[in-house]
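You will see two complexes here that share chain A, one where it goes with chain B and one where it goes with chain C.
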Partner chain A sequence: MSDVEVSRVSKRYDDLWAVKGVSFTAPVGSFTSLLGPSGCGKTTTLRLIAGFAALDEGEVRIGGRPVDALPPWRRNLGVVFQNYALFPFMTVFDNVAFGLRRRKVPRGETAERVAEAIDLVGLPDLAQRYPRQLSGGQQQRVALARALVIRPDVLLLDEPLSNLDAKLRAEMRFELKRIQRETGVTSIFVTHDQEEALTLSDQIVVMNLGTVAGAAPPKAIWEQPASAYVADFLGVENLFPGTVGDAARDDGTVAVSVDDSAAVLHVAATRPPGSAVVLGIRSEEVAVRRGGDMGEMDDGPNALDGTVREFTYIGSAIVYQVDCPALPGPLIATAQREFPVGDSVRLHLPPGAIKLLRPDAPAGGSGTRP
Partner chain B sequence: MGDLFLRSGRGLVTAMAIFWLIFLVAPIVVTLASSFTSSTYLTFPPPGYSVRWYVSAFESEWVWSTFWNSVVIAVVSTAIAVALGIAAARVLARHRFHGRGLFEYAVLSPLIIPGVVVGFALLNVSVLIETQDAGLLNLIIGHTMVTTPFTLRSVWSSMAGSEISLEEAAQSLGATRWSAFWLIVFPLIVPGIVAGAIIAFTFSFNDVTISAFLSAREARTLPVELMSHIEYLPDPTPAAVSSLMIIVTLAFFLLVERTVGLDVFADR
Partner chain C sequence: MTAGRAWGGGARFPASLATPVLLAFAVFIVVPCALLLVKGLEPTSAAGDWPDFTNVLGLFDSKIGQQALNRTIRVSLIVTVICLVAGYPVALFIARCAPRWRGLLLAVVIFPFLISAVVRAFGWTVLLGDSGLANKGLIALGLIDRPIALVQNEIGIIVGETHLLMPYMILSLLAVLQRIDPNLRHAAESLGASPVSVFWRIVIPLTLPGLLTGTLLVFSLAMTAFATPFLLGGGRTPILTTLLYDYAFTLFDWRLAASIGIVLLILGILFVTIHRFVSSRGMRSYG
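Let's turn to the complex of A and B:
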């Protein structure tokens, strides 16, 4: 087992930086996710660690040892590919044994370790089958067994769950977690799915435009995203640029005016007056009730009137898109109660639920030009 | 409406089948039949039947010497074309580089340029570099040039793109670049190699246009010799040789389909 240190790593394709100055550390035995949209440089970063591509700047250390001069076959890493990359003309046994045979492991030990690995990943007795005779989930497990049987220093996973259907994906997520816990192998996992990253990781590295936009444990990144981009990627539906008003108020809140609108919202935070911020609030934190209904809720400072533009039923709740004249764009809110399209509603944004985020470049897919 | 469409489609297929019979199968049948003639000149239908022209073919020195020339040229040029095809296909499948499109067109151009032009151009080049008397060498170079597009295309299409991650997977598991190619990529592209090699070999063995320009006195291919024989002499020996070539080619394809064909294309 080894840790992985990625320091100021850059990779350029022609005149486009796929990765620019990326740094993070994956501690021994940890599970690190590289999260971001396609083209953000997460897969390139993984390929640089694996040695499939040569980096232009920076350094990768595995177990404290720089590996940049080593070819992939000398790095002792397990790699699981998005398309599994199983050798189609080899049986499951031969696929899993491939790495051991390259290492000249004796025949008897090979058979033993292959059986162990197949058992570890929870595969039934399929050793003599060919990959095309297996289901997607089984192929996934073979790919994992093949990568783990060589006892790699680090396990690299490139969107391994994205080709599975929803049910299987959820199941494999638990399986991945169990296997990683049982083997204790340092793992680096590339994904564009925030839920996968949150459920699996000890650390999430959010990437944007070839750079690191934020890195933190799942709970921290969920509760206090480093920037508006990170918040956007972690599913904060409502993001509005704003400016902090003059003075802090007695109740520990600041008044923040939403840009391009008349709305002023109170937020439980402290920021110097005049700071440019992005206000963020998750849909489920927004309270929705009927317009003009003076029910159980007291009109706080952050009450807004609006009209239901559209709604979608998601089973556990209803997600509303509400037009608020006071805001520059529609607000997304989640509620249990049903309101028809065109209904007047009153929204309440609790001061403690609004996050003040650092503004940054808008979410984007392609790399930056040097 | 749909019925009409279907019916006219069927009519088209029938018409195509009839055309195919008339223009491709009929000449073969005529050649085969007239090769068994008993007369001393080519006629159809033959006045009587005999195998005398087959005996004549086997006893003719010119048939044997040019046959061996053709075999050597076809084997060597196919081998080179396969090697070049694999190398070029790997470059095209894996790398994006400046001039990639140009490279692709340059390699594939012999498919578009008429054989007469290629043959004439190659003849001029060989005169320029004073190798016009090295007939065998010129023929091998010429045939390699024209058949490499076939091997490149078929090898390239057998590299479906997945072989890149397969190769990387093999490397991550401890296989060097070389062993990853031989253990993983090569078995995957064997069908493409076999298919390309068959086309290249058949093309080289049957080619007249390019070979006519490049054949020197001492190095003529069988089809070129057959053509000049037909031009100057009326005897039906060429018909017998042609029939043999047809039969051997058919047998060759059957053999490939029965052995390599079924073995290689299954289990994947």
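Let's turn to the complex of A and C:
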């Protein structure tokens, strides 16, 4: 087992920085997710760690040792690919045994360890089948077994679940968690699915345009995203740029005026006056009531009037898109009650639920010229 | 296989379009073969019955016939091996090239197709002649003292046919090489396979289909080539096809010529059968 230190790593393809100055540390035995939209450089980062591509700047250390001079076949890493990349002309057994044979492990031990690995990933007895005779989920498990059987220092996974259907994906998520806990292998996991990242990780590294936009444990990143971009990617639906007002108030809140509008929202936070911020609130934290309803308590601050523009039913609740004349754009809110389109509603944004986020400086990664 | 169905119109639509060509092919296969058999197995004496194998078997009795047969097989095998061994690295290189270079290199490979075999053979005659570039080069390098015979013998035939057939091998290999998922190579590398190991254990098995197609093409084309061996081999190194030409147009012995045709046909069928057997075993795991 080893930790992985990625420091200021950059990779350029022609005139495009696929990855620019990426740094993070994956501690021994931890599960780190690289999370970000398509094309943000997640796969490239993984390829640089694995050694499939040469880095242009920076350094990767595995177990404290720089690996830049080591070719991939000397790095002792397990890699699981998005398309599994099983060897099509080899049986499941031969696929899993491949790494052991390259290491000249004796026959008897090879058979034992292959059986062990196949057992670990919960694969039924399919050792003599060829990959094309397996289901997607089974191929996925073979790929995992093949990567784990060599007892890698680090396990790298590139969107391993994205080719599975929703049910299998949820199941494999638990499996992956169990396998990682049982083996204790340091894992770096690439995904564009925030839910996967949140459920699996000890640490989430959010990437944007080839750079790291924020890195934190799931709970921290969920509750206090580092920036508006991170919040956006972690499903904070409502984001409005704003400016902190002059004086802090007695109740421990600050008044923040929403840019390009008349709205002033009270937020339970402290910021120096005049700071540029982004206000963020999740849809489920917005309370929705019928317009004109005098609720249980007095409206207090942060009450906004609006009309329902559109709604979608998601099973557990209804998601509303509400036009608020006081805000520069529509607000997304989740409620159990039904309101028809065109109904006037009253929204309440609790001061404690609003996050004040750092606006994003334009990033310098993918898509920028060197 | 399923191409017809994939279009949604059943197999009828492509079948109706394919019929004329397939029919023509069938006619052009069956009729000449029948004529060949009729002529080649014609009785040698007035009293004999039709399937008379005297000529075909007699071919192996004559020294020149036997030599031609052996040379045909030997040359075809050597050319196939050279094309494979020399063509594989070329195909590998082109497949790994950046796309913009790939097109250019492909054009270089295909270019010989644009020149007639006759013109090419004359080119080789000049290059390989006693005062040609090849001999001069070898002398300059100090490898030989005086010019050696490179044309009007088997070397000439092998050089000419290799040049003629190399593109078939390269294109066959390239077709499969370009389809290989680079992640398979990376997967093998991450599991501890060095590039040499990756080549033998991953790339070669994955290119087996192209390798088999290429060898089949090159061997059968080498065996049936005429202009190149005729012009570069000279009169003293006949192979089956040039011997056939001699019998037909110098001796006007059509019966003997046809019997050589039968031997070539048998060789072809034999090779295809062996090839199919090997492929079906080698490709079992490809499904």
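Side notes on the structure shown:
Note that the second predicted complex is superposed on the first by the 362 of 370 C-alpha atoms of A that agree within 3 Å, B and C clash if a C-alpha of one lies under 4 Å from a C-alpha of the other, contacts with A are read in each partner's own complex, and residues count from 1 in each chain.
The rule we apply is simple: contacts are C-beta pairs under 8 Å (C-beta built on N, C-alpha and C of every residue); 3 or more make two chains touch, one makes a residue touch a chain.
The structure presented is a predicted model; accordingly, all values stated were derived computationally and were not measured.
Chain B and chain C, once both complexes are superposed via chain A, clash.
Of the two partner chains placed around the shared chain by superposition, chain B and chain C are both touched by A:Val79.
When the shared chain is aligned, chain B and chain C each come close enough to touch A:Arg132. Shared-chain residue A:Gly99: touches chain B and chain C both. By the document's definition of touching, both partners, chain B and chain C, reach A:Pro88. Residue overlap on chain A between the chain B contacts of one complex and the chain C contacts of the other covers 50-52, 71-73, 75-79, 81, 83, 85, 87-89, 98-99, 102-103, 130, 132, 146-147, 150, 156. Residue ranges on chain A touching chain C, taken from their complex, read 47, 50-52, 71-79, 81, 83, 85-91, 98-99, 102-103, 130, 132, 146-147, 150, 156.
Residues 50-52, 71-73, 75-79, 81, 83, 85, 87-89, 98-99, 102-103, 130, 132, 146-147, 150, 156 of chain A touch chain B in their complex. Against chain A, the residues of chain B that register as touching in their complex are 162, 165-166, 168-177, 179-180, 184, 187-188, 267-268. Residues 181, 183-184, 186-194, 197, 201-202, 205-206, 208, 285-287 of chain C touch chain A in their complex.
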